Amino acid sequence: MSENELLRTVCAQNKRLAELGLVILTEGNVSQRQDSVMAIKPSGIPYNRLTSDSIVIVGIASGHILISEFSRAPSVDTPIHLEIYRRFPEVGGIAHTHSPYATAFAQAGQPIPCCGTTHADAFFGEVPVTRILTEQEVEGDYERNIGVLIASMLKPDAIPAILMNGHGPFTVGKTAQEAVDNALILEKVAMLALVGLQPLYLPSYLQKKHFLRKHGQAASYGQL
Amino acid sequence: MSENELLRTVCAQNKRLAELGLVILTEGNVSQRQDSVMAIKPSGIPYNRLTSDSIVIVGIASGHILISEFSRAPSVDTPIHLEIYRRFPEVGGIAHTHSPYATAFAQAGQPIPCCGTTHADAFFGEVPVTRILTEQEVEGDYERNIGVLIASMLKPDAIPAILMNGHGPFTVGKTAQEAVDNALILEKVAMLALVGLQPLYLPSYLQKKHFLRKHGQAASYGQL
Amino acid sequence: MSENELLRTVCAQNKRLAELGLVILTEGNVSQRQDSVMAIKPSGIPYNRLTSDSIVIVGIASGHILISEFSRAPSVDTPIHLEIYRRFPEVGGIAHTHSPYATAFAQAGQPIPCCGTTHADAFFGEVPVTRILTEQEVEGDYERNIGVLIASMLKPDAIPAILMNGHGPFTVGKTAQEAVDNALILEKVAMLALVGLQPLYLPSYLQKKHFLRKHGQAASYGQL
Amino acid sequence: MSENELLRTVCAQNKRLAELGLVILTEGNVSQRQDSVMAIKPSGIPYNRLTSDSIVIVGIASGHILISEFSRAPSVDTPIHLEIYRRFPEVGGIAHTHSPYATAFAQAGQPIPCCGTTHADAFFGEVPVTRILTEQEVEGDYERNIGVLIASMLKPDAIPAILMNGHGPFTVGKTAQEAVDNALILEKVAMLALVGLQPLYLPSYLQKKHFLRKHGQAASYGQL
């Protein structure tokens, strides 16, 4: 993928967050990794004014801004993305939203239990919620501390999502598009788990069946 | 209906699932029967990329793929559709969604009670929920076992819908369009039954009146 | 207004019900009075296929179909509309929807209390719910009996809305457009009254202030 | 900004209220200050019929209508806007909506607690709700009394929003656009605080961190 294609892809997937109702105004951000760099949303630009040339390219090891055509500052959440990319070579895209139902779980400090096959198709077991940061961690290198905490709990191949306590969801994927897909699925399963009826938790054999029908060597879902 | 018209119809009704908000990404599927075959959504293709020539034609008796222009695999739920068509000659279309409120009932393992005339206009009595499959049934021929279970409970002329426990709704109709219409009505009556007030169950004489105003020999609703 | 304008107006206001999300498929209907006749939606035609020339004109006194270009049968709810027009000369339009939150109140057999100024701006006091019809009334002239019951409770100048028990809302206005506006406001105030917090009932002096700010001789809202 | 630009801006931000689903029909209003005047929505005109030349310009000190091309009366809430502009020179725009979740809090007479960083990014602490007006205040100069009460509680730099008890939210900003942005954020945080889970209140050190990350001298969010 050329640099221009990377910028266009990341711009499009950021705009898709707003189109899907997962964010409003300037909330949230999407990035995609390409070799040793990542491309990410600039800070504080509303989605309806976002263009490819405002996307910022940052070195993953150094954390330095490499390309920013209009000298845009990257998302304040950049250190979170960097920590995840550094820890997980298999992660190619990251999405962060404030989608309402997943955020409601994050605000309640509760994981999202697996209540049905819609959840089991995408996430193998409950979606975890982090502890809340200490005052020391908040006053220190706040965004980096969030990244370290998320990276310490994330299992990209089994549950490509984490709820940041009091804040909202982060999802990952092989690409930015897959990370945004996972953000959309996460919002739906959070909504389903909340919708006024006491759900039965899905038996573990059914959770396993559905996850493995879509993921791994023996998957039967989708096209070869 | 020509083969091309069948493919176009099934493609359009699949896309309609997403347009109506009953599915996201690649969830769900719609099929329509034509003589001894059915046309169904390919597996794992998102609705916004679906085209008529990606629809797959499968023999109902044999379960064999007869036509698949781009060698697409059919929906993993194909054996469920086949079991329903084999058992009910009067069924011409089937829709499967993960629509939020109907899925919430399925996830809670609860039938949808008849709480008002909106329900009684379409479904004669409560919409049943299946039992959950045993581990043996899940590890065996999973999708076919779902189909057998649904077919054993379905009454297409009275209640053209079943909730698969822990999973979501299946609806049927004389055509794919009618099956999708029923999926939309089912979602609405599930929402109405959940919406925060304790509903009164509709008296049986009113349930009967509304269902028979729209269905059967003495129906007075609609055009002759 | 010419006959063609009447047909176009009634067609447009029926389509508006679906555009506003107050109905799906073929649910609901809107009519407007013109002198001694009313124009109303045909029975069982989905909103996306509705055209002006499918609207049916019915004599209010006689209940006879006067004009139906394609020999469409009028809405099965026609006798309800007729009873309301016969009783209230000041009513010029009627809307019937199955809008979710107002229908949830109807299904619970509960009136919508006045919980805020949004309600008081449009409805002077709680929106009443009818009793449920007896089996005899249902087996007899069902739709006419609904119309008689609604007409016996309706106060168009103070509360232009009634919830039919177990069924859904009917609203009225000086025109079809005003009746549809009232159906939209009713849905919103029903939603507000249900949304998870225990509302305080608005003091009667505030109810009166807001209603009279918008209605009657001393209204200060809107343009002269 | 020329007078024409002011009228176009205020018209566009009023229409945006409806596009964002924060109001229906003729509910709500937006104004913007320019020097010694403000431009505001005319009373009772639905958003889909609003044009720039129907916006009304009112003197802030005098309360007199200065420009109204079609002799439109300004919003009945004009005295509320005037009281806020008179008290707070730093306020440049005001939005009033009946957005559902924020209005549900207003109708319950409850402030919106800070349950997460989405709230803390925009509002420093709980969003207050006013007392309900006395009968004397309602029968007297009603709208002006609302304005005085709101102005006595508002802290534009820390919490640019107030819930009017029994009525709905008012938000402010440096411009009309910022006031509408705040109305949208307020609706989202109200929804998040209500969505069926018992939220944990965000620790004060996190509230402070997030608010100061976006506001004030040391803000790190957005572009310089």
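Lettered A, B, C and D in written order, each chain numbered from 1.
Everything below uses one rule, namely that a residue touches a chain if its C-beta (ideal position, glycine included) is under 8 Å from a C-beta of that chain, and two chains touch if they have at least 3 such contacts.
In this text the structure is predicted, and so the values were computed from the model without any measurement.
Q: Would you mind checking the shortest number of contact hops between subunit B and subunit D?
A: 2
Q: Which chain is most remote from subunit C in terms of Cα centres?
A: Centroid comparison gives A as the farthest chain from subunit C.
Q: How big is the rotation relating subunit B to subunit C when the fit is done on Cα atoms? Please round to the nearest 5 degrees.
A: It works out to 90 degrees.
Q: Have a look at where subunit A meets subunit B and say same if over half of the interface residue numbers show up on both copies, different if under half do.
A: The interface is built from different residue numbers on each side, given that under half of them are used by both copies.
Q: Would you kindly tell me how far, in whole Å, the mean C-alpha position of subunit D lies from that of subunit C?
A: Chain centroid spacing, subunit C to subunit D, equals 32 Å.
Q: Spell out, as numbers or ranges, the residues of subunit D touching 2 or more other chains.
A: 195-196
Q: What's the complete list of touching chain pairs for this entry?
A: Pairwise, the chains that meet the contact rule are A-B, A-D, B-C, C-D.
Q: Where on subunit A does subunit B make contact in their complex?
A: 115-118, 181, 184-185, 188, 191-192, 195-200, 202-203, 205-206, 209, 213, 220-224
Q: Considering only the defined contacts, which subunit A positions touch subunit D in the complex?
A: Those residues of subunit A that touch subunit D are 24-27, 42-45, 72-73, 76, 98, 100-101, 103-110, 132-133, 135, 138-139, 142, 166-168, 194-196.
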